[in-house]
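Structure in structure tokens, see below.
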């Protein structure tokens, strides 16, 4: 199906999220949409898939102008969208997920549907058990399920929003292969991403968005530097790695074993020096998060030891870990990090060491104001945290950390943030390292992991690599490892 | 075996029928993502109004219709305040529970102690004389038959039909249901109203049958609604498991009555609350697996024991619809 | 803009009250009564004489105590519906203390103080059970609390008909009256006591300062708004939730205790008089403002006392007060929903 977008405008309050975007995509094309976070990619896709209505502009399918008012309408026009976090029903069965939303009689004929499902997934070489539960599937398999569901419903345009986040290298290859098959069938694929690598490998052509505007259309062969220039305006420098010599041991992890219902991590040994930064790489759910939460004291390990500055903390409570200078910064800012409904001042009062019984209001407001200034948070002390933007919330989280700290544990320090905030946050973190704080962080962004870490530890399905030197590791090597390839050599190396 | 036992067990089916309606109604409501906490007051209000309507019009059907209508109406207030006004469902539900109770006592005052009409017994010819099964299942009234049919319908609806699957989706992940074409908020209104109507049937089932008449505060109906809410959780939002919970609860109450002559030292009021500690205990068992410390303790257990304990806990544990009580806004 | 918002807020609150009155009038008409006569009756029956006012204050005391406790629980995000049972346990413990000490040689004043203290302990104990079930057993405090309410009622009745039954015949009228020396000293001629009023006011002031300007209050608030994040920030959430339950239980226990030493002077089956649930309504209405709760509690208490005369004067059921109270809270909740809708900028600046 030919898709034409003409002069799409969309405002959110003062933000001009889509500014006069026009784009024509012929059938059978894999169209890349590239741009950094907040460039307007998602908004454009939401307009096309019926989540949002454009303020003005036109959508034309095969020459006919259409109006999409609800996401459910989109599929009747043949437009299907695969969301970054697949919009399915995790506690329900695959087959029920497949059925929900399908037209048909009052009683679904399970026998027929199951046969159809199995038949249909063969086309793409998928192998999902229709009777397993969705929460037992990997993200990659859940994407496959959505692809089957949408094409079965008659989708001829398939929109994929950042589909390569959180899936393994193998599953990515599989996904790309599937998308190529679909394109050959004459379907239109719109691939939204901020990953140059993926766009380069897959797309027939790429449109680049920046600050809500379409800044260019590129056909292969893609020149990486040109794409980067289009995305960011001007070439950016991200600051050089600050290498320092470390001596004192900060944290010793000795034969640590962690278990839960789905995952077993065995025998992790690691020594972290003062001021060192360790990056944890791995696809979502490979065990990094468990590892971080164990080091923070939130999860109790099955066996092994956690020794901080010579003090054995194993089996102690989370509060004890905190008191000894370990701080944990979770990824979900408004779920675990900050408290909606409380002001910035109240957050700073809570994070401070309590002095006396009554709160000294004048003093805490002062502290809040000075921290807000120091961390350039856009807001005032009386602002409730949920009113801040994501970047400012992340800054607030950093501002809440105590000084001095022995160890900071972070999940996705810069996920969802723009480049400016990212650079700012890392500069603040590096300041901490200079003061002798060690940092362990996990990130889905391999560039971030390599750029900011001294050493990298790779996780795959509970397997844990020995620390790799970040300077001598490439993105490709990491990519293979998190996808489960090349572990034999790694394990042999570690024996030496 | 003594046939009187089967007759009294048949009585349990009868006594359970109103609670079955209330639990099925609440199960449907909560499956769609709304908590209707007003059940206790609602049963009292509909018991009173069902009785009064039937008494004044001499029509059982109108009495039940009044109950269902009022039930749906009160449920719609819960739906409106939570869906359209984004207020706390627990707060509004609790206020309505109180308000409905007081309304029932206030408006029902002139009718206290009046003799009204009753639901007649309706043995099924032929089947009623079968040994054991006859007195147990087939010498009942329409109310008992319909309660059993309701369990089956509710079960099939939730797990086997297309709209039922969508309903599960709405309670689980409304955004995903919306993308699949569901009008989430409208469906939530509808299921809340249907659930409320079913709960509203429970009232007349008492006042026109199980505990015929209206006695005001000494009707002994205050508290049943709270039990129905607890059983809904115990039933893990599954109609069959919920029905099991209802029968278990009524059986325990019956046992406490049977045991009373044996345990004369204990006042009857005390025996009547015997099911409550058991209820709390079962809620404890089904919820314990969700507690953090259990997970932490489990993680520190030696291997084989941990596996076994984890399996037991997971089998018992119930997980509520993920979006229960969470309002839905399509971006 | 600010003025407009203020006008909307006040306009909606006033209209909530008006709608609640209209609703109640409609109910009265349905019952075949004249609304204004009924309202007049309630007014006269509550503040028509000094005796009546003292009756209102008498029932204001437990209501304020209960509400103060509930404000603490609400702050921690806990729906302590088990408060009825906690009041009953306060009364039971007080009765037990009085029974065991009445023959002792201790001065009467000390015995009363000990008995009130015992009541506080009893309430806290019962609340801690609900709290432990919630915190360590994952049992929602609404269901745990309701169950414990039923058990508390059964326990009360068991004691009245069993171990503590009156010599001769046990009856629903309760246990034997205590000796006059063990009554809380009353203002001569009236049913109120300076001591209980002082206790209620002290509780109110305590809660006011606790929630306004202390680390403890702020931590409770954090726990109530976001339990997970509060834990990650280093607040021992389980402990704070338990504190909230215990403190709420103490207040409930005190209320039950006052019911025994200040009013009934014995244990009766319905010793809580529904103050727990009524306190929940008050707490919902006042939106975490302890000072406001004093006034709302007075109004609710006045409705309750005023409605006592209804069955005699107008042959109406006294539950009318409950209808008006419930309608008031319901419509105020609905109107605050409307307010949020109106004030929410429809264009939306977020995202």
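Lettered A, B and C in written order, each chain numbered from 1.
Operating definition for what follows: a residue touches a chain if its C-beta (ideal position, glycine included) is under 8 Å from a C-beta of that chain, and two chains touch if they have at least 3 such contacts.
Note that this is a predicted model, so its numbers are computed, not measured.
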{"item": "Of A-C and B-C, pair with higher C-beta contact tally", "value": "B-C"}
{"item": "Chain located farthest away, centre of subunit C as origin (C-alpha)", "value": "A"}
{"item": "Centre-most chain, if every chain is reduced to its averaged C-alpha atoms", "value": "B"}
{"item": "Inter-centroid spacing, subunit B versus subunit A (mean Cα positions, whole Å)", "value": "43"}
{"item": "Chain centre separation (subunit B, subunit C; CA means) in Å", "value": "28"}
{"item": "Approximate Å spacing (C-alpha centroids) for the pair subunit A, subunit C", "value": "48"}
{"item": "In the complex, subunit C residues that touch subunit B", "value": "27, 30-31, 79, 81, 133, 136-140, 142-144, 146-148, 150-151, 153-155, 157-158, 161-162, 277, 280-281, 284, 316-317, 319-323, 325-327, 329-330, 333-334, 336-338, 340-341"}
{"item": "In the complex, subunit C residues that touch subunit A", "value": "209, 213-216, 218-219, 221-222, 225-226, 228-236, 347-351"}
{"item": "Subunit C contact footprint on subunit A (complex, rising order)", "value": "12-15, 17, 298, 318-319, 322, 328, 330, 334-342, 346, 349-351, 354, 356-359, 361, 400"}
{"item": "Subunit B-touching residues of subunit A, taken from the complex the two chains share", "value": "46, 51-52, 70-72, 75, 81, 87-92, 96, 99-102, 104-108, 258-261, 299-302"}
{"item": "List of subunit B residues in touch with subunit C within their complex", "value": "37, 77, 80-81, 84-88, 90-92, 94-96, 98-99, 101-103, 105-107, 109-110, 216, 223, 226, 229-230, 233, 265-267, 269-270, 272-273, 276-277, 279-280, 283-284, 287-291, 293"}
